[in-house]
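Presented below is the structure to which this report refers.
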């Protein structure tokens, strides 16, 4: 069996300037925070980040934004990190705002081999601009396209050595979706256990999705 | 009772036993305080669970359990956690009986603008666009005017959150239903006259034949 | 709290001739078998059944087919019940064969408020006949439309009195998807426990989807 | 070694440490018997899990644990259960490294027909269409002819399972790669001559310059 358990340095080695990176979590709950610190330290830049939000100034995705490592942010909400707004205004940061449910479905579509999904969300708003609209059974939908990434950084509560992951409470959010949608998936788990210790019924991300796992 | 309490208390009366409800940030959150004892209303939190409970006591916060604003919360017995695609599947799929949100503007067609003001910092729509499109009943709870300026307009001029989805508007002045034929004032707070409401409203509205006193 | 726990007779009372019914399970694993027996006894007819398969002659959906209660069967596989084939040949039974992954996505779309999904499955085969094809980023996809039902009959291992469900091992299959996609959802659980006894992290179908639950 | 054993043994050599593999019903199932000790290959079962193990001993069957043919199976440590949408998300999303299936017909373009014969009882495509479109590598394992009649054709004349998705054909006579330029015979079972293979094959194929002896 290939060993998936690596150190944080080994894991971060895969992240290069200019990459597109999905980062799990919701307002930093479920975000692999140690990976954020490691990326700040590593100083990779020109990143495209896909995440639910812009985090807080000192927490979650916000750390990367404040350290000016992010070129483009694809998220649903950035209001709790004023630095996002100021970098948007100064033109340093490009943002693509996506309705939260659409963001979840686009990531899921990317990971699940779908060419897109039809959603009623955003019809009649600026969200529909530049997108194809399709009427099904008399109702208008927007065709939203899949999102994929080079790397997904997900935060788990427990992981096993095969990469099976378990997320506690509200830390699940975007993590299981992102774990399906990137070329390389790196999980930060608060605790790593032996294979078989997570009940097969309780696995929330099957290990086949996970390339590397770090105890954080 | 202050204005916000009046509004929140009246909104609570719209909820029925067994309802699944999503409350927006701010004033809508207060609605939970006015649910009658013994009535079973389940609150959904779009970051990934149903069964949202009270705020935790100080020192009892759980980093894995926050609401959509990133604030520590608790859950009630029978709560369930899920990922963001399930969370918005619940919302978009019509499994939320009511969503209660604030507004910048609402208009005669039931259009809602509550997510951006051009030229100002744009926080992002978060889950609002999905909620307004997906919930069975969309209740706007807000102060009737913004510093004396009407918010209930003939036509919204801010970018929309959703087109034609608002069912009901509850303010400190009264209750309005948004129907196919336009807005109908169905309840009036006895502290105001119909004339007061007209002066505070840009939209044209009809006064219900059986106009009632606002239940507070 | 409304009581969701009912007898099998009370639950089956909702099922009428001509209805469209989703039935969970995969080759009868996870199928609420007692509901099959009850429907045979009740004798409702002209049913449209949506399920993974045609079951076995004496098990699962097969019981309803053999008792000639099914007018139309939407499934991915019917090869293990010869009665399906013979009723197809005699014209008694209409079948719509759907690739298994597409069937899962169509049901999920129905329950999640999506207007459809784009799948590469079936391109260049008879599955694409009569369907819209859409090219996204140079790749051809079929637009597959949502499936919904009047009733979903799902089989769970454990359920609580609020309708939260837990499925053991391979009995999950189509059950959690179908629980989202019907007007009325009836769960048969092998064991019913008090609210709170299923860990909120382990709930696989949140109770909000379930209208009635029967201990079977 | 009989013909089926030869084929299954050769297919097993295509699998690599760490692979996730889906084996079709029948001959492909036998491939599991030839995985070398210590090599970590995870088997996916499309009815909802990864980590498929051996058949259970008699009396040890678990009604909640069957394979896609409805037969009792076991799982290995580190297995994970999921619903059918996740199962086919794994398949369609390219997370299965190889799928091994039988065929009625394969042709020079890599088209595959293995699900229906017009006029005969149609069992349904089950998960085959998704597997063939989604798996990274599609390996057809079958006897070279059907009662002496070629199955590797210029053009399939039965309804297709998928167009242009087959990568490799392994029979008792040898190994063929399906390339953009057509079929290439890369390995020959020493019990046969190239002439034998040509006589048993309707499709035109090229013999690889470095034609090897079939590894058995």
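The chains carry the letters A, B, C and D, assigned in the order they are written, with residues numbered from 1 in each.
Simple rule for what comes next: a contact is a pair of C-beta atoms (placed from the backbone, for glycine too) under 8 Å apart; a residue touches a chain by one contact, two chains touch by 3 or more.
If you want to know which protein each chain is, UniProt gives these names: A, C = Butyryl-CoA:acetoacetate CoA-transferase alpha subunit; B, D = Acetate CoA/acetoacetate CoA-transferase beta subunit.
In this text the structure is predicted, and so the values were computed from the model without any measurement.
Contact with chain A and chain B alike is made by C.
Counting only chains that touch, the fewest steps needed to get from chain A to chain C is 1. Interface comparison, B-C versus C-D: the higher count of C-beta contacts falls to C-D.
Put simply, the C-alpha centre of chain A and that of chain D have 34 angstrom between them. In whole angstrom, the spacing between the mean C-alpha positions of chain C and chain D is 29. Chain B and chain D have CA centres that are 55 Å apart.
In chain B, the residues that touch at least two other chains are 49, 75, 81-82, 85, 88-89, 91-92, 133-134. Those residues of chain C in touch with two or more other chains are numbered 105, 108, 113-114, 119-120, 168-169, 200-201. Touching chain pairs in this entry, ordered by label, are A-B, A-C, A-D, B-C, C-D. Contact residues on chain B toward chain C in their complex (touch as defined above): 17-18, 20, 40, 42, 44, 49-51, 75, 77-82, 85, 88-95, 133-134.
Across the interface of their complex, chain C is touched by residues 105, 109, 113-120, 132, 134, 136-137, 139, 141, 143, 145-146, 166, 168-169, 200-202 of chain A. By the touch rule above, chain A contacts chain B in their complex via residues 26-30, 52-53, 56, 75-80, 82, 85, 88-89, 97, 99-105, 107-108, 119-127, 157, 168-177, 204.
Of all residues in chain A, only 1-2, 108, 111-114, 160, 162, 164, 180, 195-196, 200-201, 203, 206-209 touch chain D in the complex they form.
Of all the residues in chain B, the ones that touch chain A in their complex are 45-49, 62-66, 68-70, 75, 81-85, 87-89, 91-92, 111, 121-130, 133-134, 159-164.
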